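Next up: the structures, one after another.
The following pair of complexes shares a single chain, chain A, combined with chain B in the former and chain C in the latter.
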Partner chain A sequence: MPVYVDVLRCIGCKACEVACKREHNGKPHIAVLPAEGRAAVPLLCHHCKDATCALVCYSGALTTDGDRVSFDAAKCTGCGICALACPFGVIWSDKLAHKCDLCYPAELPSCVATCPAQALSTDYDVVSRRVRYKAAQASVIEGKRSI
Partner chain B sequence: MISMDSSRCLGCFACSNVCPSVKITREDGEQRVIRFSRCEEFCDLCVEFCPGEALSISPEGEDFQISFELIPCRACHTPFATRPMLRRIIEVVPEELQKDSEGISWVEICPRCRREMERERAARPAVRSRM
Partner chain C sequence: MPRSTVSTVCPYCAVGCGLQITTERGVATGIEYNPQHPVSHGALCPKGNASLEVINNKDRLTFPMKKVGDIWARISWEEALDLVGQRLSKALRDWGPESLGFLASSKCTNEENYLIEKLARTIGSRNVDNCARLCHAPSVVGLNRSLGAAGMTNPIPDLANSRCIFIIGSNLAENHPVITQWIHRAKDAGAVVIVADPRYTPTAWLADIFLQIRPGTDVALLNAMARLIIDEGWIDEKFIAARTTGYTGLVEALKGCSAEWAEGICGIPAQRIFQSAEAYALSPASSIVYSMGITQHTTGTDNVQALANLALICGQLGREGTGVLPLRGQNNVQGACDMGALAEFYPGYRPADDPATVESFSMAWDAQSLPLGRGLTAPEMIDGANDGRIKAMYIVGEDPVNSESNSRHVKEALSSLEFLVVQDIFMTSTSQLADLVLPAACWAEKEGTFTSTERRVQWTNLAVRPPGEARSDLWIVCEVANRMGLNFDYAGAEEVLSEINRTVPAYRGVTRSRLNATGIIWPCPNQDHPGTPILHIEAFKTMDGRGRILPVSFRHPAEGPSDEFPFTLTTGRIAVHHNAGSMTRRSPSLAEREPEPFAEINPMDARRLGISQGEMVNVTTARGMMEALARISERVPSGVVFMPFHFPGANILTSGARDEVAGIPEFKVAACNIARRD
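This part shows the complex of A and B:
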């Protein structure tokens, strides 16, 4: 159950970043980056099914746990290999690794609860339905024009 | 004092992170230098947490240091990782996972550039629809 991003809805306000920071002692696990002056994207852990960070972790701090990649700060030595093993560059470390923990055990991650544009969701269907709707809309408009 | 089997050291941050008396320090530039100063503490946290099992307690010894050349990022050429750490990733991660969805091998690209690539990929639908 990762956080799904609907990039078309993101307004780049960084409220998710602030909420995440508040939840994690000032160390955010999500970053909103601007894109060519036209869009903004929140980037965070994908909770990969085959999580490479968990594969390389020496101490067992990162583990695949059902549909999330969980992190046990008590086991982390801050060696930094997970940051080097994340294909998306979304883990960082100082004395400890920092990555999205989905605000576990809270029911809803604070970024999802906060996003004023509803660009973030833990429900894949919500995001995919919107994308399919857009695609259908586009093809209908195309069809009309071609008549 | 501690001693080291340098062939097992990864050049990671674990020992310098856990040392309570800051006797292990590190410095990054073209090279990563990790310095071990004499310590009289009765603790073995660095030994316990070393992922490579490179450290052990020894009755005596001098200050020592180890240095690693940092591998430059294939994209931005900034030195970013030690060879043993990248080797661990190449050995442990299945080959098909060492490439991203676009077939680009990411291991020798620095995390900052990987994030840039991810940003571009993720933003593409929005950027295109707003052209």
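This part shows the complex of A and C:
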């Protein structure tokens, strides 16, 4: 299960970046982008169903594996074509490609575990559930936010 | 070799997040998250996530050093401790106990702080203080006056029960990020969040109502809110009658404080002040969260009392989801104050000017000639060093050169001391001025208790051994005390804690055996007491049990904009750095994210001055000049410049003006100018 982002919650503190960097020997897979000082957006691999990175990876290092796009460092040639193919710009490469591995085999990715604002989740429904809950509440109290 | 996981408490801010360190072969190699922790639920901010970089840092001090000419010479512990003992004893003999100054540390454990203040007072010096003076001294004074207790009234997780959260002068999303999850929970349940700040901070992103206030005008806003609440009849009459005194005086004092008057002073539309007052007063449970934006002013104590007045007239105290919540800045600043490392209090906030206090501690410590009366505060000790009243100082884990306002003055003062010994984990701008530097253990290399901002006392364990010859502050302080003829014979933190159990009533039941994974929230008067998460449920801690409504009137900050210095400089913290930066600037994964000092400038001002994004600018005040990168941003309003104080130099700029009652310097407002560096 990939990591889902609730942009309304992110406070741009970069705890996820620092945690990810620590867990991956100094090569982080997540980046928090500030948006004009009004919001911040954590960017990381979406683990696409039809993953273009896996499609273009001729060495077989990137493959779709159930819910995730897995990466086998031993097969990576460091060519960097995956970084070009990724529609979200979240793969980078030095002599090796670097992308989110969901902290496999840990139960929970470290970015999700550490997020101080609970803006990251592995539950795909959590963001829409929060919005639905608020809307439902508003309709109960005469269309107004409660006080 | 065994791999193990050890529970510690994060060494940065005062949220008190659980931090589990994995060690392999005696080296800290990883962090595990603890979803069971009552406050953090496994979360850590970037600083907590990077904390191993402090333990394993190559800059750590690993042996005692003496300054010989301009060079630091390595010496043995024996020699170092003898030297401290001799020099402090000499100062004591030649100039008397009042010539000695002690700075305890909000980074050290309760046990260590207790011993430092015990050392100071047992040798007869009243001059002991800690950096709480620079953050929450006005809370200690103001809340003690109004409510009879200075701590947070309600615990952090209780914010989830609030239906209106009024955050003023706190950028908690950057400075206490882990608290954000509790604000989100309250919002999910429909709470209204009001944020008052001069800057549009990430905390303001959480706001339903954002009040962009002019720096230093908080009293005007709070008085106008109180006046509206009274005029509109939103007060809690029953609460006022049953539990407070002084209400009629407040009504009288607020006569001139209309919302329109406040709009003129604060720059906040009267309509928004009205909305905020209504939301705060009428919600079933409202809480006030504040921090340095309230306290670091010449009107700091007034600001705190104005907040307490709001809570008292609305009856928003003593219940779930209510309260006044001062967020502390450092992991153990609450504990250092509880332990009496303050100029005006013995342990347990027993007033230093009360003969009964002295008598009771003379008995408890079996000590003669304990000093009576308030000592010099941290900034006053610096003044004292400057004018020769203070001859020798023992500074533990603090960097006043970078953390106090008007650094140049601090530097001159400390340089003029006869003897300065500094105990720290890194070399700092302050220890550079010392005669002797003692290497200390960091949080993960010792055990003891830390008290978080919500009064939660937690036990932290030793995960790894200190590097080289570094020793725990507890060991060092005991050794120094013994060399001054005292008998500090403690086997370890546990033994000191049991003495604290006897001498500090609020900690009586906080014994080692009871401190499990969740800690205990004081007051905890006996062994069977579960702790007291919510204060003031039945009565306030004042003498008559009633909350005191103490009217305050608006005063302008000490420095207003002038022709020479037309901008208002305000300082603060950012998410990836901490205080004077001696730890975070040395952590590569934090420093690379914010490597350099910057100054936030509004785009309109930048255009007028021809300043472009990322260019070096000079920021000048009456006290000095500092270079910083220009960061042009609409976060700050026109006329205001923001700088983080984590980089050496920011406090060269800040003003030395102090709150008369609490002694805190006005870090948040200074008149400045900003110019291109041509």
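Methods note: the second predicted complex is superposed on the first by the 133 of 147 C-alpha atoms of A that agree within 3 Å, B and C clash if a C-alpha of one lies under 4 Å from a C-alpha of the other, contacts with A are read in each partner's own complex, and residues count from 1 in each chain.
In this text, a residue touches a chain if its C-beta (ideal position, glycine included) is under 8 Å from a C-beta of that chain, and two chains touch if they have at least 3 such contacts.
Everything numeric in this text was worked out from a predicted model, so none of it was measured.
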Q. Now for A:15: first (chain B), second (chain C), both, or neither, which partner does it touch?
A. second
Q. Which holds for A:73: it touches chain B only (first), chain C only (second), both, or neither?
A. neither
Q: Identify the partner contact of A:7: answer first if only chain B is touched, second if only chain C is, both if each is, neither if none is.
A: first
Q. Given the touch rule stated above, what does A:113 touch, chain B (first), chain C (second), both, or neither?
A. second
Q: Considering only the touch criterion stated at the top, classify A:38 as touching first (chain B), second (chain C), both, or neither.
A: both
Q) Counting only touches as set out at the top, which of chain B and chain C does A:90 meet: first, second, both, neither? A) first
Q: Tell me which partner A:135 touches in the superposition: chain B (first), chain C (second), both or neither.
A: neither
**Q.** chain B versus chain C as contact partner of A:59, first or second or both or neither
**A.** first
Q. Considering each complex separately, which residues of chain A are in contact with chain B in the first and with chain C in the second?
A. 36, 38-40
Q: Please name which positions on chain A make contact with chain B in the complex.
A: 5, 7-8, 10, 31, 33, 35-36, 38-41, 43, 50, 52, 55-56, 58-59, 77-81, 83-93, 95
**Q.** Touching residues (chain side chain C, partner chain A) in the complex
**A.** 30-31, 33, 35, 42-46, 48-50, 52, 163-164, 173-174, 177-181, 184, 188, 190, 192, 200, 202-203, 205-206, 208, 278-279, 282-283, 575-576, 589-590, 593, 633-635
Q. In the complex of these two chains, what residues of chain A are touching chain C?
A. 9, 11-15, 17-19, 21-22, 36-40, 110, 113-118, 130, 133-134, 137, 141, 145-147
Q | Touch list for chain B against partner chain A, complex | A | 10, 12-14, 17-18, 49, 51, 80-81, 85-86, 88-89, 92-94, 97, 100, 106, 110-120, 122-123, 125-127, 129-131
